[in-house]
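Questions regarding the structure given below will be posed in turn.
A, B and C are the chain letters, set down in written order, and residue numbers restart from 1 in every chain.
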Amino acid sequence: MTDTFSKPKGRSESPEEREFELRAQIGSIWSGGRLFIGMYTFLVASLVFSYFYLRSSNNGGLWRLPHQHAPIAYGWSIYLLMVATALLANYGQRRLRKGDDTDFQVAGWTGVLCGLVALFLQIWQLTKLSFYPGSSGYASTFVGFAVMNLVNIVIGTYWLETTLARSLRLRRELGGEKPELSKAPHPASAQLFRAGVASMAYFWSFLAIGGALLTAMFYVM
Amino acid sequence: MTTIWVILSVVADLVFWFAVGPHMPPGRLTETAINNQKTFNVLLVLALPVLIGVWVYLGYAATVWSAKHKDAPESVGGEAARTNRKAQVWWIVITSVVVLFLAGYGSYAVVVEHGSGGGEGPNPVWTPQGAVKAELAAQSGTAQWAPGEDKPLVVQVIGQQWKFTYRYPAFGGFESAQLILPAHATIVFNVTSLDVIHSFWAYQLSVKADANPQVNDVAYTETKQTGNFTVRCSELCGIWHGSMFNYGKVVSQSDFEQWATSTESANAANTKNLPPFAWTYVPDANGTAGGLYPDGTVTPYSPSEVYGSKTPAS
Amino acid sequence: MTISAERPTQVVASSVAPPAKRGRKWTQRPGWLSQHLGMAIVGAILGYIVGHWFGNYVSSSYPYIANSGSNAIANTLGLSVGVLGWLLGIGALNYPLAKLIGREGREDAPVEGWSKYFRYTLDHKVVGMQYVVGVLLFLFTGGILAMAIRTELLNPTTHVFSADTYIKIVSEHGTIMMMMATSIVVGPLGNYLVPLMIGARRMAFPRIEAFSFWIFVAGYMVIFSALPYGGFPTGWTGYAPLQTQAGAGMVSYLLGFAVIGLGMMAAGFNIAVTIINYRAPGMSWSRLPIFVWSILATAALLTLATPVLFAGGLFGLLDKTVQTAFYVNEHGGSSYLWQNLFWFFGHPEVYIMALPGFGIVGEIMPVFTRKPLFAYKVAAAGMIGVALLSFFVWQHHLFQSGINPDMRPLFMLTTELISIPTGFIFLVGMGSLYKAKIRFEVPMLFCMALFFNFLIGGVTGVFLSDVPVNVTVHGGFFVLSHFHYTIMGGLLFAFMAGLYFWLPKMTGRMMNSRIGKWHFWTMFVFFNLTFFPMFVIGLLGQPRRVFTYATNLQGLNDFSSVSAFLLGASFLLFFANLMWSMFISPVKAPANPWDSLGLEWQTANPVPLYNFERIPVVMTDPYRYSEPGAPAFADLGEGASSSASTAGSSQA
């Protein structure tokens, strides 16, 4: 993002200063992406902790009623769609680095589609529950998980979509037959864009891996 | 400066230990009270020199090292003012030693026979002699207690908004609004609640255990003399939390037995209507409050878990 | 997760141009319709109405919360959509929404004049000033509630409030003060000063920073909405069965924590990333001002601990709205779960409220002692140590609760271990005073007071961490006094030190030092007279949050109450000083009134939008006071260097 006011008016920055700002911005995207995942880990860990805490304390023998199952087909579909999105995001990021912008676009938009379908399924799944939210510890944590997963998908898909939208705009702005999105060191906006794409793909990998644990907890165990 | 500090610390410590210490709360009514008072005093004797040290240092700095002071030395910068390896190492070593000593001492006080008087959860690890047996007897309804037998007395404390009541399983499980205890006996408190979290705080007994619904929180003490004590709730439990207190007595063993047997027979008619003695009490979901959901569906409880169940529920 | 992207240079060139003074196009909104505080309020009200209506619509068959005539789903949706409307109105959502179609948000430079303080502004200095006003608003609201509490406790049997009102006041006081205290230093001083101190021209994510402020204000209003809803009876800890039982105000508490939690995460995230990436060339980790170290440690705690509170609040809201049973024992949940989640956040939170105070005194003391900070590395290590250890101590709040009793010795050990890194801070403070030539200006007085107060708070903390002593003091006035000594006696005194010290930089006006000294002495004396008796009251057996107490404690309680009123009056003195020095009779501040070497004092006054003409290059470590011939701290470019070399002589 440009903060036009953060530059001295009426004078140009020295090349060193520009280089410094650029490196700081790339660094911010990198460390921000990691810190965001750290933050998110604590959020998901709270849910995991709640799950195992209630499971082990089994208050009133009501951790889970007999034959109480969340809609498993929905659950797996949602998870597989999330994995697909993560794979597509990572694949797209790789292709972009290799210089194939079109592959990135195709993979990315397919990923957005997967994300939207997963989002829809996640909402729809809540109408298919065969139990009341308060009927057991498992039922409660499942509802908590569904809400949290909803947020996961929304954030991930939003990030992916905005990245793609920005790449389209950048392409228009940079112009040219072969837009310098992929590998050229300059302009700076392309470098920053690539850092953003990498952070986004990294976050999706995190969602897919964390999702494996959550899926195992709620649909397998 | 050092001299002032040493003199003040020694004087303060001695005055505290001999003049104030023996009167510090929670008093000397029980074994746990005596232990906890001693721990408090030890901690304060260690803390006073620290407090006095820093205060003397701050006062000295404020007067002597002030820019207004006429002989104030010129401040010096440089390496010497930035670090002093010796001071740093000593500081770290001394604080670490004190801290480790305190942690060790505190842990010791937790595992001694009657513990610290704090709530130790449903399955305490460190128990006084005979306590487990007394608990099992209470659970199976075969508890007995007589003066001079040197058996622990099991008392159940039930918190609810906004009062405490007490059940005595060794005397037919009657329920009393008054907590009377025999002197020179090990007491096993089983603290539970019917609604929200309360905390059973028998101040002079130095017993404090949270009363959680569906949890049997056990605490131990041993009474050492006769006397009166106060019971207060020390966990916010709603609007009348401040009014949730009553008073209790430690009486001689024979007086206690007399009180207990007479109350047992006087309350016999009421005791019949109470739920059978259990560690925890679960309100009945199908009861007067009606169903749990708008359509009247209720959560199917397993039959062993309804009101008055004998199984510890945690 | 805002993604930074610099516009290509040719685009920058066109957007840098100042807005041309052509006539307004028909698509442009008139000024009163643009996005500012007024629109935010309109948005919040509309959002609340829409959300509340929708909530009632989707849950018409849903039972009302007992005795409140209101429905938890409607309340939750009303307040959430209200917050959304607030954010829309202030303009916080422009950028995230514009990004969906690949556009950058509008990049207007902040408008000139005072009206920029009522807008969503990307300048960290404006956000810092907004935070000053925001936290003072919080502080005074909480303070008035505190006065009400002390009024009620004047007499054990004659009551000013009903028991019901009293417990609402206590709960609201606790919650507001705790939420205020998490941001009181990180918000105003952290946002304003950190970029200046590290030689940066901007924050890494200015939008997230502005978001953190505006959602902080929204959270304040959500928590406050508990009162019209009938309040909540749980205190700031919100323990579970009582939480489940409570009325409609509980929704405000849970949602308020979640909303403010978002702000805390955002603020911590932005500041941590900024410190990591935007340090000026030459500012290695060992040259970082100690205040920045403390803010970094705090930011890490904010970012990593707050999600747990957020999750806890979310589960509580689910219990309230869709009737899950996370905290309901009878349905397979556990009231212990809330206690664990809450305190897993709650203990790092305690250090979120302590570390910035340490940072402020570490930063200010060298200026007034004219000596380097003693044992700089130990200070930084102490802060990191406290931050790390704080994740491993939460169960010391639960010693008597029956949760994991076998773990008590372990948590006693970890808790007492924290006093080692905390002790480092005292070593640093004491060492810095050693053989110095101390100037007792108002900020320095507050720093000295912090050591006095925090010592009492810290030592009593060791008593609390000891399980046997904890039996007597847990849940009583002893605890209450302990944490007021650490948070108010520590953090608030440090905040005052920071305000007196840095307001001349932030506003260009000096605080009146005569009234300042009166303020300090009344605050220091009456603070101690208010809270020291409470240790005795607690030891004599008075539990917290009570509305009646033993009649023999009336003398001590009255003493404490009267002192509390005088303490309140000393805050009025501060307020008067603020009004007097800032608005009524402002005195222009010199460029560097305290002769500090800090980089923040080397910028022009008022600080230009871009902070530094040239990105400074840091040459040496900070705090080289009284060292004639020491190299300048930083090279500001174009031959200008910071005033280090002259600092040795300037104090004569």
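By definition in this document, contacts are C-beta pairs under 8 Å (C-beta built on N, C-alpha and C of every residue); 3 or more make two chains touch, one makes a residue touch a chain.
The structure presented is a predicted model; accordingly, all values stated were derived computationally and were not measured.
Taken as a graph of touching chains, this assembly is fully connected, with contact between every pair of chains. A count of C-beta contacts for the chain pairs A-B and B-C puts B-C on top. Comparing the centres of all chains, each the average of its CA atoms, the largest separation from chain B belongs to A.
When every chain is represented by the mean of its C-alpha atoms, the one lying closest to the mean of all protein C-alpha atoms is C.
Centroids built from CA atoms put chain C at 30 Å from chain A.
Once the centre of each chain is set as its mean CA position, chain A and chain B turn out to be 48 Å apart. For the pair chain B and chain C, the distance between mean C-alpha positions equals 34 Å. Across the assembly, chain C contributes residues 323, 329-331, 336 that each touch 2 or more other chains.
Among all residues of chain A, those that touch two or more other chains are 57, 59-60, 62, 132, 134-136.
Counting partners per residue, chain B has 214, 282, 292-293, 299 as the residues that reach two or more other chains. Per the touch definition, chain B reaches chain A in the complex via residues 214, 282, 292-293, 297, 299-302, 304-305, 313-314. Listing the residues of chain C that touch chain A in their complex gives 1-9, 11-12, 15-16, 96, 99-105, 107, 109-110, 122-123, 200-202, 204-207, 265, 269, 272-274, 276-278, 281, 303-305, 307-308, 310-312, 314-315, 318-319, 322-326, 328-334, 336-337, 340-341, 608-611, 613-615. Across the complex, chain A meets chain B through its residues 57, 59-62, 65, 132, 134-136. Residue ranges of chain B in contact with chain C, taken from their complex: 24-26, 32, 35-36, 39-40, 43-44, 47, 50-51, 54-55, 57-58, 61-62, 65-68, 72-78, 81-84, 87-88, 91-92, 95-96, 99, 102-103, 106-107, 109-111, 116-122, 124-125, 191, 195-197, 199, 201, 203, 206-210, 212-215, 217, 230, 232-243, 282-283, 285, 292-294, 299. Interface of chain C with chain B (complex): residues 61-63, 163-164, 166-167, 233-235, 237, 239-242, 245, 323, 329-331, 335-336, 369-378, 399-406, 408-409, 412-413, 416-417, 419-420, 423-424, 426-427, 430-431, 433-440, 448, 451-452, 455-456, 459, 462-463, 465-472, 474-476, 539-541, 543-550, 623-627, 630, 648, 651.
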